[in-house]
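One structure coming up, written as C-alpha cells, with questions to follow.
As written, the chains take the letters A, B, C and D, and residue 1 is the first residue of each chain.
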Amino acid sequence: MCRWLAYSGTPILLEELLYKPRYSLIDQSMHSRLGVETTNGDGFGAGWYGESAPVLFRGVGPAWGDLNLRELARSVSSPLFFAHIRASTGTPVQQTNCHPFRYGQWLWQHNGSIRDFTLVKRDLVLAVDPELFPAISGSTDSEIMFYLALTFGLRSDPVAAVERMVGFVESIGQRHGVQHPIQMTVATTDGERIWAFRYSSEGNSRSLFFSTAVATLREMYPENENLHRLSDETRIVVSEPLGELVGAWQPVPESSYGIVRKGDDALGPFRPTTP
Amino acid sequence: MCRWLAYSGTPILLEELLYKPRYSLIDQSMHSRLGVETTNGDGFGAGWYGESAPVLFRGVGPAWGDLNLRELARSVSSPLFFAHIRASTGTPVQQTNCHPFRYGQWLWQHNGSIRDFTLVKRDLVLAVDPELFPAISGSTDSEIMFYLALTFGLRSDPVAAVERMVGFVESIGQRHGVQHPIQMTVATTDGERIWAFRYSSEGNSRSLFFSTAVATLREMYPENENLHRLSDETRIVVSEPLGELVGAWQPVPESSYGIVRKGDDALGPFRPTTP
Amino acid sequence: MCRWLAYSGTPILLEELLYKPRYSLIDQSMHSRLGVETTNGDGFGAGWYGESAPVLFRGVGPAWGDLNLRELARSVSSPLFFAHIRASTGTPVQQTNCHPFRYGQWLWQHNGSIRDFTLVKRDLVLAVDPELFPAISGSTDSEIMFYLALTFGLRSDPVAAVERMVGFVESIGQRHGVQHPIQMTVATTDGERIWAFRYSSEGNSRSLFFSTAVATLREMYPENENLHRLSDETRIVVSEPLGELVGAWQPVPESSYGIVRKGDDALGPFRPTTP
Amino acid sequence: MCRWLAYSGTPILLEELLYKPRYSLIDQSMHSRLGVETTNGDGFGAGWYGESAPVLFRGVGPAWGDLNLRELARSVSSPLFFAHIRASTGTPVQQTNCHPFRYGQWLWQHNGSIRDFTLVKRDLVLAVDPELFPAISGSTDSEIMFYLALTFGLRSDPVAAVERMVGFVESIGQRHGVQHPIQMTVATTDGERIWAFRYSSEGNSRSLFFSTAVATLREMYPENENLHRLSDETRIVVSEPLGELVGAWQPVPESSYGIVRKGDDALGPFRPTTP
C-alpha cells in the first residue's frame, strides 16, 4: 500500500505539501496514520507540470532520507503536481515501479492492489493495446492498471475508461477465483484536470480526502495567511489529511470519482463496467 | 537510533536470527518494539567470521527489502557474526556510515549517539591516534567512538579502553556544555570474544539483552529441537528480544559490560574513566 | 552488450577470476578489450552453487566500485559459478535486469541482444509457458530468452531447447521485418553441467573462449603452481580471455555449443530450429 | 580524475550542455577524450542558481544512465550552473563525495587530486576553521580543498584564498615528503561570478578551456542560430571541449586563473602563497 497526493491550483513549491505540513507526505513515509502499513519506504516519486511535458523524479530509497528530493521540493514550483510514497506489496523496489507513471502528457498514481496479481497478470497484460505494450517498463499491478485504462480510452473519457479497466480486472479476477479482485485509490491527470477514484471490490476502500473549498476555509480561518495566497480553484486530493486545520478535509465517498478542473469540480458514483 | 545483534556459538546460517524468528532483526527494521524509532530503514550491515578476516556486507537501503541480504543470509553460516540496522540520527545514509565498522580483525557496532556531535566532533577526531586517523571512512559518531576506543587500547584491554573512550567523550561534552554527552549500547569483537556495553551519561540506557544459558533453556523446553542443535557456549546479545520463547532473554543491567568467550561468560560494572 | 564468465572445477574463491587476473572480469567492467562497448558499468551479478540452491548477488552500480562484491569474492568459494557485467542495450539499470537469472536450480546469462526488441517483445512474452510467466521479474531480452528456453524444454534437453528458442526468436523477428533478429553468447547451468552457446543470425557472433585443458596447460607451464591446484576437469568459459598465459584460451567456433561436464566435455554445431 | 563544466550567461536548459553537444559532459562520463581516465562513472552532480540558494542534485551511479538527471536537465533552466562527473581516485562513491560542494551561496568543483592524501589529510583537516569543520560531510580531498579555501578567505578574496590554500597544501605535502603535492582544475562561484583555476605542483596540469567570446563566434559563424540566442557575456569553462565548432575553445594557460563576471572577464597568473 502507499500514500499519495495530487495538487492543482496556485503555483506553489512542492515542499509546501511534501515537507512543511504536520503529517506531510514525507512524514507519512515513516509514520502513516491511516495507511495499512505505517511505513512507506519502498521508493517514491513526484511528477509536475511546467512549460512542457510532465517532469518525473523517482527514487528507490525511502523518501524521508532523500536529499535530492528535498533540494527539488524547495526549488520547483508548479500549478499541478503528483507525489507518491510506496510500500511494496511484493513487486521489486526499483525506479520503474515507482509512481507516478507517465505516458505522453498523462500521469497516474495508485494506492492499493490487484489481489493475486501473479495469477491474473498474464491475462491483464495480454489485454493491453499492442501499440501501448512496449511502453510498460516496470512490473507492478499499478502500471498495468494505467495501461489498461489507456487501452480502454483514458485519453478521451477518463471516468468511463477507468470504470472499464476496473470491470475488466474484476472479471479476470473472478475467472481465476479471486474473491475481491481490486482495491484502489487512483489519481490521473492530463496536466489540466485531475481525476481521482476511490473503489474496492469489497466496498471497503482505502481512505481518500479532498480539500475543502478555499473560499470556505478563508471564511473559517480569516487570519490564516497561507489561505489568502491560494486561488479559489486550488484543490488537493490526498490519501490522508495533511496538517492540522480542522475542517480542511472532506472524505471521498466509497465508490466515487472526483474531477478537479477549471470551474466547478465534480463528484460522482464510480460503477465498474465490463468492456 | 538503531538495533543490533551479536552471535557466538555453534555455526548457524545468518537467516536463523536475521529472518526466521518472530520479531527478527529484519522485522525490527520496519517495526521495532523497543527502539526510540520504530523504523530502522537507513541502511544495514552484517559482519561475519569464517576462515580469514571478517567479511562485511553493508547496504544503504532498508534491510527489509534487500534481496542480496536475503540470499547471503540463507547461504552464509558462521560461528560469530554481528548484524545491525540503522536509523540515522542525522549523519548521511551511506555505506561508510553503516555498521559494523571493521579495523583489522575487529568489528564494532553501536546503538545510541554522542549528543551535540557537531559541537564536539572536531575535538574527538583530533584525539584519534594519527596512525589510525586515515582509516576513518565515514562521518558517524559511532565510528569515531570505535577509533577512540582503538586509540585508548581496545586491542589489549577492551573494557578499560571503552571506559576511557566514554570518559573522554563525556569530558569533551561537558567542556562544550552538553548535559548528557553519550548514550550507547555497543558490541565489539576480535573474532574470538564479544564485549557488549550498556551505558548512558543519564543512567537511562537503551535496552540490551543477552540470551539465557542454552543448558537452562533446554531444561525449560526439552522438546525444542533448535536448542539441541546449539552448543552450551552459544550466546546471543540483542537490542531487543527475538522470538517468543518466554525466559529466553535477560536484560543487561544499567551501566554494565558483558564478555562472551570460551568458558564462563562475564558481567561487570561499566565505569567511565578519564584517560 | 556485456561480458561474462562461467567456471566449473576445483572449488576456488570467486576473486581468483573476478579480480586477480590481468584483464579480470572486474577490469573488463571499465576496460573491455573485445566488447562492443569498452565500458560495462550498468550493473553486475554473480551466481554460485554451494550446499543448496544457487545463490545470487546482483547490484546496479558498476562492478569496479562495489565493495560488497569485493568482500564476497574473497570469502565465497565454489566449484561452479557464473559472473556477469552489464552494458545495457536500452532496458533499465535495475537489479531484476542483472544477470545471471535464476529459475529453480538453473542459472542463465547472456551477452548480445534481440534486435528491435520492443517490436517483437509482446509476441515473445506470449509464447512463454503461462506457468512460467509469473516468474519473469525484469524487462530484458535476455530474461525472455531464458523463459522461452525453459518453455521449450531447457530442463530436459538444453541444446535442443536453446535451438528452438533461437529459431522461434528468428521467426518472430522475420515476421516483423527484422534483418538479423538475434546476437548471443549464452551460458546456462543446472549446477552440474554448463552449456555455452555462440550464435548470431548474421553469422558474426560476439567472441567466446574456453580454457585449454588443464593437463595440457600443466605440460606447457610445468612451473605454474596455480595450475597444479586445479583438477583436470576444471574449465572456464569467458567472453574474452583473462590473464596473460599464452595458449590458455581457445575460441569457440561460430554457431557452436559446448558442454562442460564430468568426463569429456563436448563441442557441437548450433542449428536453430523452428518449434 | 573527473570532468566538469561551469556556465554563466543567458539562461539555458541544462541539457543544452549536459546532453546535446557531441562530446557532451554525459558523453564524457563514458568516453572522455582528454581525461586521465576515459570512464567517469563514480557519481555526478549539478548545482544551479535560480531565485534562491543554489540547488544541488547529486547521484552515485554513472551519469550516463541516470533518468532523473535527464528529466531535470530538460526542465531546469539557469543563468549559472556547474556540472561534474566523477572518477574516484580512491575515496568512496557516495553522495557526500560528489561535486559540486556547497557552502552557503558558494559552489566548488575540482578535477585532480591531493597526492598521498591519506598521509596529509589529518594536517589539512586540522587547519580548517573550527567554525567550518562541522560542515564537512564527505571524505574527499576536493572538499577539504574547498573548506581550506573558505578558511583562507574565499568569500572575500577568492584568488588569494585559493593561492593560500594551494600553498598550504604544498607546504604540508613537502613536510611529508610528497614530491608534487597537488594537481587541480577548480571552479568556484558565489552565484554572480565564476573563478576557475588551473594549476599543478609539477607544472603539468589537467586540461582546461574557456569558450571564445560569443561576439567573435557570431562573426565566425553568422548562420549559427544558437549563437544568436546567447548574450555577449555568456561564457563556458570546461575540462575538455564540447561540440565540434572549430575555434570555439581557448586553452587556459598553465598556472592561471580566470574570472567570469559582468563586464570584462579576466585572466591572470596563479601563484601559490604560504599562508
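We take it that a residue touches a chain if its C-beta (ideal position, glycine included) is under 8 Å from a C-beta of that chain, and two chains touch if they have at least 3 such contacts.
Fair warning: this is a prediction, and the values are worked out from it, not measured in the lab.
Participant: Please give the intersection of the contact partners of chain B with those of chain C.
Facilitator: A, D
Participant: Specify, for the interface formed by the sequence copies chain B and chain D, whether it is same or different in terms of residue numbers shared by both sides, with half as the dividing line.
Facilitator: same
Participant: Please tell me the distance, in whole Å, between the geometric centres of chain A and chain D computed from their C-alpha atoms.
Facilitator: Here the centre of chain D sits 40 Å away from the centre of chain A.
Participant: Any chance you could list the residues of chain A touching two or more other chains?
Facilitator: 67, 92, 95
Participant: Note which residues of chain C are touching chain D in the complex, please.
Facilitator: Listed in rising order, the residues of chain C that touch chain D are 30-31, 38-39, 41-42, 60-62, 65, 67, 88, 92-93.
Participant: Could you pull out which chain C residues touch chain B in their complex?
Facilitator: 50-52, 55-59, 67-68, 71-72, 74-75, 95
Participant: Taking the touch rule as given, give the residues of chain C at its contact with chain A in the complex, in rising order.
Facilitator: Those in contact with chain A are residues 92, 94-96, 118-119, 121-122, 125-126, 130, 133-134, 137-139.
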